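This is the structure I have questions about; it appears just below.
We call the chains A, B, C and D, going by the order they appear; numbering starts again at 1 in every chain.
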Amino acid sequence: MRAPSIPFEATIKWIKKETRDTSTYAILIKDREIQRTYHFRPGQFNMIYVPGIGEAPISISSAPEDHYINHTIRVAGDVTTAIGRLGQGDSLYIRGPFGKAWPVEEAEEREVMIVGGGLGIAPLRSVIRDLIKRQRGRGGRSKIGKILYGAKSPKDIIFRDEFPRYREFFDIFLTVDKADPEEYWKGETGFVTNLIDKIGFDPLYTVVFLCGPEAMMQAVIKEVLLHGVPGEKIFLSLERNMNCGMGICGHCMFGPRFVCKDGPVFRFTDIEEFFGIKEI
Amino acid sequence: MKRPRIGVFKFTSCDGCQLTILNMEEEFLELIDIIDISYFKEAIDRPLRGIFDISIVEGSITTNRQKEEIADIRERSRSLITIGACATSGGLQALRNWASLTSYKEYIYPAPDLVDALSTSTPVSDHIHVDYELWGCPVNREALSETIKSFLMGKKPTLPRYSLCMECKRKGIPCLLVSSSDPCLGPITKAGCGAICMIFGRACYGCFGPKDDANIESLMRWFKDLGFTQRDCIQLLDKMNSYAYRKVRLEQGH
Amino acid sequence: MNRVIKIDYLSRIEGESGVYIEIKDDSINVEMRVFEAPRFFESFLKGRPFQDAIDFTARICGICPVAYQMSSVHAIERIFGIQVDKPIRDLRRLMYCAEWISSHSLNVYMLHGPDFYGLESAWAGKEYLPILKKGLSFKRLGDEILTIIGGRAIHPVHIKVGGFFRAIDLNHLKGLIPSLQRAYEDSLKEIKWVSTLRFQRGYNEKVYVSLRHDEYPMNYGSVISNKGLNVSMEGFLGMIEERQMVYSTALHSKIKKDGDLQPYLLGPLARLNNNYMCLPDEIRDVIAASGINIPISGMDKGIIARVIEIAYALYESIKLIKGLDDINVLSKEVQLCSGSATWITEAPRGMLIHHYELDDTGKILNCRIIPPTSQNLAAMEMDIRHLVELNKNLDKTRLKGLISSLIRSFDPCISCSVHLLN
Amino acid sequence: MNYKILKIRKHDLNLFIQNLKNSYRLIGPAIENEVIMLREIGPDDLPSGFRDSQSPGHYRLVDKRDDRIFTFSNGPDSFKRFIFPPVNVVFEFRKTKRGLIIKTPHEDRVPLSIFGVRACDIEAMKILNRVFSNNEKKAFIVGLNCIYPGENCFCASLGSGPEIRDGCDMVITELEKHLLIESGEEGLRFLQGIFHEEASKEDLEEKKSIIEQCRNMIKKSITTGDLAARIYRNSEHPLWLRIAERCLACGNCTQVCPTCFCNSSFDLVDMPSLKRSSEGVSGKRIRIWDSCFSMNFARVHGGNFRPSRRARYRQWLSHKFGYWIDQFGIIGCVGCGRCITWCPVGIDITEELGVIR
């Protein structure tokens, strides 16, 4: 049996540069036995370990059915920079999967509104692809829902080339905080929150999956609540400092919740009490 | 692969911190295999030349000449690390900042005008950008090794910024402040020395400088309740890191 | 024909200094230019509690902090009339042994040694590597003893007026005996090694000043010289005069004699020459067998004395550690009183003079510190002059090399010298 | 559990301790630097007859020369140090051509016994086992019923003391003339060679009254009813700011607390392994006790979730008395009073909690 505190090896199969500082890594677990028993659900994350440098929690951005596990990683500090130095064929070490997943069942009963901000789209991509696979599996052709995605500028849009492929099942709305003068941008500008007013949806028949910077999530929640989406139908993925991934180091506490094991995906009403509290 | 070029520089100091590099002993022998120590006046007879991947700076800035030199070293350095209380907080000699220098000079030198000394002793970071500050008077050997290794690997060193009490408790030492009312600076001082004073039953005297978010006022209030005077309190803080402790108090509005 | 030889920044010595030499037809002018910035230590101490003297003055020098702690603690104990017990005396002597080992092996193996092999640093040549390793192995032992007794090798934290803060880990110390024993045996071989090095010609008759005691001097004794001086510590302080030089941040001191000022030399050479008879027979035998004549004469032979002192310090450490037994009370009660006192101890580089004046609350009213290097500067200049005289015709580069090497042989500690106290 | 209730003569305690020591690495209370610490002990190391005087931020040990043995109460140390050590090697790693080789350290297999564990600490041990989902029995525990409480104790409010109910292998109660020993099967063998007899009804009565007496001497208390709700409702109470002015965020309270479990992990790399570029890197992954009071504890790349002392103190107290219940179904405090005594500026949580209504 593998202990949850011991990382195991995965090989980088390909790397796709998404933006200036963000790339997607497709990895394959090396050990056959672990490969066979490793199962994750959209929304879960791995602790990625670079020996000698350290660990970082990174969401899985692929769907369970995808051939490789994907991680979409932005170069931020020590660990992510070290990952950035790796190439195809190099090894990464991972522990996982950890955490609670997006409640896909909820999305299947309703129309899903997927709202991502910045890198927050990474864990959402997993659920987007999963939902599409499920819909296809059922032979369904109808739309599953909407994707609202806000990035800083057109250059910062992650998975930009993939969105057209998702259009078959999703209405897709992209917006950027600011369009670059150098780049031709015919889409929206402004924050994602602005989109919510424009798209038209049935609040009582919608479930919201949300991930992005905390301020953005607060704004979006306020907005969709105003539109009448019930709090129980809003799910969001939180970010906190993480060390162990198993709820025994104390770093990721958000009120009484361990973001690593009770989250990162939470039902809004389960954490509402703490959500607005500064420095919780 | 070319070995990274390291430079070791000295300003106003006692040399203890750069000596710590040589004191790494076995690890030092390993180190010289990995890096190229290109400048280290105390150990190599070689002129200052070229660019450094990592510069390690000891000592505080106390003369006009040094101000120019440190600027030059910054220009030549990809990363610049300061080591020790002198370089990170002006050192013991910063005590002159709170007195008039002329009097100090006269006290020691019969002809004070001959001495080129700024009226202050200041940390290197007051003059140039510093990539990493390693605290301590002197720096801890393991911490120095961890810092050098980290820079070689391209990561930030994993060194504590929390209180010395944490290290003291991990080592299982009973608290001196609580059990004997010794005025220990541990609660406001960075961990990193190995709690060596407490092991010997001695109250911390602040070699490692203020920890993150040091609540100096509260501790001083407590000391006063224990019977220490205002003057005692000031003298407790005014040692190797007077500059840093004073700065924190100033920032906190005291 | 005038010639100027200038070394802007001397390498492989502690601190920042250079030399400036002007060779004229009829005279040679030598200036040891110390440009290390002064630090004004004596002034900071005014008005501070006496314990601060121990912690503050240690910061004058990272290479010989124990020396500062020893001179200050003894001076202050003298004011309070404290006589410490044998275990404390022994532990302090042990700390001194450790510091001699560390400081001397730094000079011998990393700073001065490479000169004899024409190397720019101790790790520049393959053939030197084993020598360096040997040196580091000595140094590590010195550092380890200090770490056990004082918490760390540089600026140890354990010494206080009256003794030590708390009992030390005796088992830990005793555990070092086997490695010390091995190192001691090695160090005897090193005496042979050092006697085979090639030294410079020439010799300058000098006044060697050191402490003398019934044991090889460290913390106690009276001040003697090879020229018949024999005075108390206080008496000696009254005999020297410190002068400021235009070209240096270090003060120079000389002995006042018959209205004249006389340079004198402190340190291992002086100590050894003055106290040879205090060495144990087994070391003396090795010295004799290595063909080393005592008194050692020659300008740049400090390294020989240092190697011998490493051996002695290892020998003495073993003896002291073996003699330490269950030591519980490690401190004497302090009774505050006002007064003043001078104390001198033998720092690795020679006699370190401290003088304090306290008020009746234990606050420091005045203090004076005279480090060995500033006492040696005059003698150094004298020897450099002599060296240049003998080698006037060499080309600049070679001459500079000889001068640097000579200076290293004095193992100057510039941080200290800047009146360090400055 | 199949308990036997016996009594032994007081002067035979030495033999009993020696018996334990023959089978275990025996940890127990001993005086070190004028404080009662937990250390490896032998028969003569118990601080018999000593009493401690404790108040917020203050501790002194006095030799009362009391005839009784267990007159002292808890010092700063707890079993936590021995069961969840402060510094721990998670694994050693070495990168080779064939991949990363990870070695987990062998556990210290010398069996451990902790002597003199009080009721509060036994509860704390259960709590920590729940936190770490630890089912392994890590030590043979000899419990000790308190005859005096410490002056900062408030175990009675939390129902965790002063009487030990379960959770240990043996329990000792010091009676006037004897030591009462309650033991399961496993413990009986340590009474071998020691004169012991069945406890009488009177002995049991005496035990009861001694513990009652102790209970009555407890000075401090907290109200636990709806405590969690009170804390949740008061996240913006001015109290937090007031405490923050005093709190040093030094972390002492969390280090001496027998249930605080926050920790951090990091890699230490061996110097020589850097030579062979990152290919051959080797080192250790270390886990150490940390604290929610550390400034960087909740730092992430873009910022810090709890930069203020106010928030960090609130986090600690809210976790201990509120969140803990949500997380583990039980309050995280056992009322041992250590955080009060060992707070260098004497912050008294029983007082502060009283303010939150």
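As a working rule, contacts are C-beta pairs under 8 Å (C-beta built on N, C-alpha and C of every residue); 3 or more make two chains touch, one makes a residue touch a chain.
Small disclaimer: the values here were computed from a predicted structure and weren't measured.
Listed by label, the chains touching chain B and chain D alike are A.
Distance between chain centres (mean CA atoms), chain B to chain C: 25 Å. Inter-chain spacing, taken between the CA centroids of chain A and chain D, is 40 Å. Centroids built from CA atoms put chain B at 43 Å from chain A. The geometric centre of chain C is 50 Å away from that of chain D, both derived from CA atoms.
The set of chain B residues touching two or more other chains comprises 153, 158, 201. Each of the following residues of chain C touches two or more other chains: 166.
For chain D, residues touching at least two other chains, in rising order: 33, 266-267, 269, 278, 281, 290, 307.
Inter-chain contacts, as defined above, occur between A-B, A-D, B-C, B-D. Across the complex, chain A meets chain D through its residues 3, 5-7, 9, 30, 51-55, 76-77, 80, 91, 93, 213, 239-241, 243-244, 247-251, 253, 255-258, 273-274, 277-280.
Listed in rising order, the residues of chain B touching chain A in the complex are 153-156, 158. By the touch criterion stated above, chain C contacts chain B in their complex at residues 9, 11-16, 35-44, 46, 48-49, 52, 55-56, 59-63, 65, 106, 110-111, 120-124, 132-133, 136, 139-140, 143, 151-155, 157-158, 160, 164-166, 168, 244, 246, 249, 251, 404, 415, 419-422.
The part of chain D that touches chain B in the complex is made up of residues 32-35, 37, 57-61, 75-77, 81, 86-87, 245-252, 255-256, 266-269, 271-272, 274-275, 277-278, 281, 288-291, 293-296, 307, 309, 341-346. Chain B makes touch with chain C in their complex at residues 10-20, 22-23, 25-26, 28-29, 32, 37, 40-46, 62-63, 65-66, 91-93, 95-96, 99, 101, 103-105, 107-111, 114-117, 121, 137-138, 140, 193-194, 196-197, 199-202, 205, 207, 235, 239-240.
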